[in-house]
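Common to both upcoming complexes is chain A, partnered first by chain B, then by chain C.
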Partner chain A sequence: METLIDIVLLGFLVLTALAVAKMHDLFAVVMLSGIYSLLSASLFLDLDAVDVAFTEASVGAGISTLLMLASLKLVGRFEKRTRYRPMLALGVVLATGTLLIYGTLDMPHFGSAEAPVHQHVAPRYLNDSMEEVGVPNVVTSVLASYRGYDTLGETLVVFTAAIGVISLLRVSRRTKEEEKQKTPADMQQQIILRVVVKWLLPLILIFALYVQFHGDYGPGGGFQAGVIFAAGIILYTMLFGLNNASRVFQPEHLERIAALGVLLYAGVGIGCMVLGGNFLDYNGLSHDPVHGQHLGILLVELGVGLTVASVMITIFFKFTWRTVKHKYVKKR
Partner chain B sequence: MNILGLYNYWIVVVLMMIGFYVVIAHENLIKKLVGLSIFQTSVFFFYISMGKISGATAPILDEQYQLYSNPLPHVLILTAIVVGIATTAMGLALVVRIQEAYGSIEEHEIQDQDTQDQMESRLEAYGFRKKHALSVRDLDE
Partner chain C sequence: MIDHLPILQVVVPLLGAPLCILVRNPRAVGLFALLVSTVTLLISCTLLQQVLLNGTLVYALGGWAAPWGIEYRIDYLNSYLLLLVSAMGAIVLVASQSSIGGELPRNRHMLFYTAYLLCLTGLLGILCTGDAFNVFVFLEISSLSSYTLISLGNDRRALTASYQYLIMGTIGATFIIIGVGLMYMMTGTLNMYDLAQRLPEVHNSKTVLSAIGFFIVGVCLKLALFPLHLWLPNAYAFAPSIATAFLAATSTKVAIYVLIRFIFSVVGPVFANTVLPLQEIFVVLGVSGIFATSISAIYQLNIKRLFAYSSVAQIGYMILALAIGTPLGLTATLLHLFNHALMKAALFLAIGGVVYRVGSAQLSHFAGLGRQMPWTMAAIVAGGLSLIGVPLTVGFVSKWYLVLALLENGWWPLTILVLISSLLAVIYVWRIVEWVYFSSPRIMIDEVKDPPLGQLVPIYVLVIANFYLGIDTSLTVGVSKKAAEMLFGGVF
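Let's look at the complex of A and B:
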């Protein structure tokens, strides 16, 4: 059954990707890429990667589609026909593809337990992590403890991307003032949506917190929780306007929170060193090594969640302010 | 089952090549970014497919189960997805700025404008006034 689902989903993915390559209406392309992400999330679930499926569903099908749509509003909806002949590109692609397929021929078959991938560190994680880290979700213990250094780097990359977007898409105070004087939000007339979102918003935020703090025991963790929290705020922003949302989440505060998350993560690492251990070795944080691990993972995941949530909200705000700016620049 | 033993990897290659094709053959920058994310996801499928063991379950330890899929690829890909969206956002921000500077996000139009600017500055260096400069677009039509 698993194999059947796998085959069907991969087939759908190829069809969606082909449609993306074929279409010239970028709106349709973005919508298709949302469907593509949803299919990927289902496939990840089928392949036992529950945490990955969770992340892909919230990131790919949610936030990335939204950001693409926001940029389409800024750059126009249709792709122009290319004037070059695509034969050369097709040749390159076919040649590369053939080589890659040839490369797969001596790979161990899909699903085999004897494959070299499963021989090195994975057994240690699966057999000893319960004693060493004491967290049932092995993905969390590898992410936050065994490979905590790696995850610190990833969090920094997310933070850096936010700095990039902030510096590329600045908004003048003048635009903000002009927008403030405009009282009704664009979606004022959407009563049903507004009522539904008012009911849904607290649930989404509570769910995000659940995912954040339950990540040790089930699928979830800081990355997923941050994105879900941001998705809730973005939903609110779309219906109630930037003015209202920026009043609660002021850009300066968001930027500080993003930095705070990274600092909290790195601070835990330095704290471990001060207490006599290695960088990000949580054993020394408490008298009992397993308690130390729990505390360390909790703090580190909190740092990740803070950074990811505030970075996603910031990026969305920046893109939306840009559309507002374009509107006023046209009027001037 | 044996015939399909490498099916996942072949589909990964097909998806990767579709993404690759979109990146090199299309001129619209947004389309290129979508192609890039298809390419990226194909790598995700590759990792996750390698981590799968037939008959195993998700790597959340419980006494009921003995066989778990490999958690390491999951960790790598989970963070890669979030980093991917952050870098995509950065790319989109660049595209927006390119649109504002050039009025277009089609590669050849940007190239034409750059060539024209270059020609104009070279002609100016030879003492021509700017208004006499030839336009690449005039030549094209």
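Let's look at the complex of A and C:
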């Protein structure tokens, strides 16, 4: 049965990918890419990789679809016709595909317990992590402790992306006058949506906090929590306008929070060094090593959450301000 | 404290980047970034000294021993490159204090310095680590921040250039991660030295073969090996001069390091050559790259583009030397890697000085500058001489070792080709000299003079290094030889 589900999901993935390549309506392409992510998330779920599935669903199907839609507002809905026929690109794609398929020929069998990945480092993660790290969710203990340094790097990648977007959208700082300018949201008139969102928003934010602090026990953690939190704020912004949203989240403060998240993560590492351990060796954070691990993971996940949430909100604000500016401010 | 140096090398700029956002003030942010990069340089000097005294340093991140955790491993090879990257990072930042004002509006300074320190963090992280996946993570940091640095250029075309680089760079990074993923699938480990021990067991599998293929193609995209170099000329030409100087001196060099590390420390040179005709591929691409791009350089009208093409040609020399497959050849690669960084940093900083005063890097705008900007032009000529490989410069040292390595193998036709290709460098450098010294100035205004001392000093530090290290080669040749012997000895 599982195999059948896998095959069906993979088949849908291929169809979606082909449709994306074929279409010129970018709105449809963005929607399809959201569907693609949701399908992959289901596939991961079927493979019992719940954490990956959760991340794919919240990041791939959720926030990145939103951000792509926001950028469509800037660039327009339809792809421009080009006469260029990318035969070279097709050649490269075919060669890559061939090499990938060639690579599968000697792979260990699907789901085989004898596969090297299950034989070498994984057993220690599975057997000893409860004793060494004390976190029931093994994924979290690998992500935040055994390979915590990679996660610091990933957080820095998110931060770097924000720096890139901020500097690319060459928006000069808003003047006092521009800030006062009323910039109603496009969906201002949608009363039903407004009411629903008012009810939904606290729930979304509480869910984000739950995901943030429950990552040790079930699927979740800073990355997912950050994007869920950001999605809530973005939803609010879409219905109530940038003015209202940025009264709470001022762009400059958001940038600072993104920086503070990275600093918190790396700061925990430095703290561990000061207390006599290696960088990110949480054992030294408390008299009891496992307790230290708990504390360390809690703090670094908080750092991740802060950075991810503020980066996503910043990016959305930048896009929105750009569209709003064209529509309202320039008209005067 | 000494024990923690390997991680401090990366964590200092890593903390510096977000702190830039908190500092915010344009002037202060520049000085702060300079302070951070100076500390980074001091750490790398101490690390090199430690490695030369005590051998390889190992640091387990999070206290977890490899292969369960991630480890940093500093040996001759990466401590040598750490010194290069952090030195270039610091020297370029000295020049940026005055030059950045000419190319970027004040409200972008903070973003520029943040992206700069992020790029430095990424490059140093790639160099330090002994973990294949960790390489990818820091590669992403350095790549994303380089795209940002390039897109900050004044010219609108900087955006297209950055976009082109983004697409090519992302394909490269994807290939690298596919390679790492397939290797993990076959061995169950991500640690490079653990991989080196476990890969031989599965050598014959098609999966490992395609993993190696993906990884090498991905890295070659990143290091701009001909014909995968198409992103590089525009990126270098339209980025702010400071960013060009930094990227030209470091980023392709680090990619070459990744290639060397992968071939020698992970796969093993013997195996890499038996499964793939790497030697033949590298010789052909190296030599054709040297000629094709040197000839393109001759026809360029923008001097930054000219030197960008010349950079691709120099990468050709490094890859050719690598393909020889002897310790002497590898020494030549490592020497040229270091020396080329010195030349290009000096050249691009000097061009940055011209852009600061004249506002353009078009060759025609260099007319008669020899009289108006004597010191800057002298620096460009000195860098050019080093590029050609005139004796007493570093360029001569690395070409000398390349020729020795080629002759040692009896590859004399290639030796002749290398010597002919140097003549192409003479032509493009001469074109600049002709414009600079033998044409009448375009405009005679007093404002066109040498850039402020804040820029001239770092330029001349690099020019002097070009000559000093061309005469006293004990540091560069000494460490390169040790690194090459270590890699061929298979001792980690």
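The definition used in the following text is that the second predicted complex is superposed on the first by the 300 of 332 C-alpha atoms of A that agree within 3 Å, B and C clash if a C-alpha of one lies under 4 Å from a C-alpha of the other, contacts with A are read in each partner's own complex, and residues count from 1 in each chain.
In this text, a residue touches a chain if its C-beta (ideal position, glycine included) is under 8 Å from a C-beta of that chain, and two chains touch if they have at least 3 such contacts.
Quick caveat, the model's predicted, so the values are computed rather than measured.
Q: Would you mind checking whether chain B and chain C clash or fit side by side on chain A after the superposition?
A: fit
Q: Contact-wise, after the overlay, does A:L260 reach chain B, chain C, both or neither (first, second, both, neither)?
A: So A:L260 only meets chain C here.
Q: Of the two partner chains, chain B (first) and chain C (second), which one does A:A122 touch, if any: first, second, both, or neither?
A: both
Q: For the overlaid complexes, name the partner, chain B or chain C, with more touching residues on chain A.
A: Of chain B and chain C, more residues of chain A lie in contact with B.
Q: Does the superposition put A:G276 against chain B (first), chain C (second), both, or neither?
A: neither
Q: Angle at the Cα centre of chain A spanned by the Cα centres of chain C and chain B: state it in steps of 10 degrees.
A: 50
Q: Considering only touches as defined above, state whether A:S145 meets chain B (first), chain C (second), both or neither.
A: The second partner, chain C, only.
Q: Could you say whether A:S71 touches chain B, chain C, both of them, or neither, answering first, second, both or neither?
A: After superposing on A, A:S71 lies in contact with chain B but is clear of chain C.
Q: Does the superposition put A:E154 against chain B (first), chain C (second), both, or neither?
A: In the superposed model, A:E154 contacts both chain B and chain C.
Q: Quick check on the superposed pair: does A:M107 touch chain B, chain C, both, or neither? Answer first, second, both or neither.
A: A:M107 contacts both chain B and chain C.
Q: If you take every C-alpha pair with one atom in chain B and one in chain C, what is the shortest distance in Å after superposing?
A: 6
Q: Share the list of chain A residues that count as touching for chain B in one structure and for chain C in the other.
A: On chain A, the overlap between the chain B and chain C contacts is residues 100, 104-105, 107, 115, 117-118, 121-122, 125, 147, 150, 154, 157, 161, 164, 168.
Q: Which of the residues in chain A come into contact with chain C in the complex?
A: 99-100, 102-108, 115-122, 124-125, 145-150, 152-154, 156-157, 159-161, 163-164, 166-168, 172-173, 255-256, 258-260, 262-263, 266-267, 269-270, 273, 277-283
Q: Can you list the residues on chain A that touch chain B in the complex?
A: On the chain A side, the touching residues are 2-3, 6-7, 10-11, 13-14, 17-18, 20-21, 26, 29-30, 33, 36-37, 40, 43-44, 47-52, 55-56, 59-60, 63-64, 67-68, 70-72, 74-76, 79-80, 82-84, 86, 89-90, 92-94, 96-97, 100-101, 104-105, 107, 109-113, 115, 117-118, 121-122, 125-126, 129-130, 136-139, 142-143, 147, 150-151, 154, 157-158, 161-162, 164-165, 168-169, 217-219, 221, 223, 227, 308, 311-312, 315, 318-319, 322.
Q: Which residues, counting only chain C, touch chain A once they are in their complex?
A: The contact residues of chain C facing chain A are 4, 7, 11, 14-15, 17-19, 21-22, 59-64, 67-70, 107-108, 111-112, 114-115, 118, 121, 125, 131, 133-134, 137-138, 140-141, 144-145, 147-148, 151-152, 159, 178, 182, 184-189, 198, 202, 205-211, 213-214.
Q: Within their complex, state which residues of chain B touch chain A.
A: Touch list, chain B to chain A: 1-2, 4-11, 13-22, 24-31, 33-35, 37-38, 41, 44-45, 48-54, 56-62, 67-75, 77-90, 92-97, 99, 105-106, 108.
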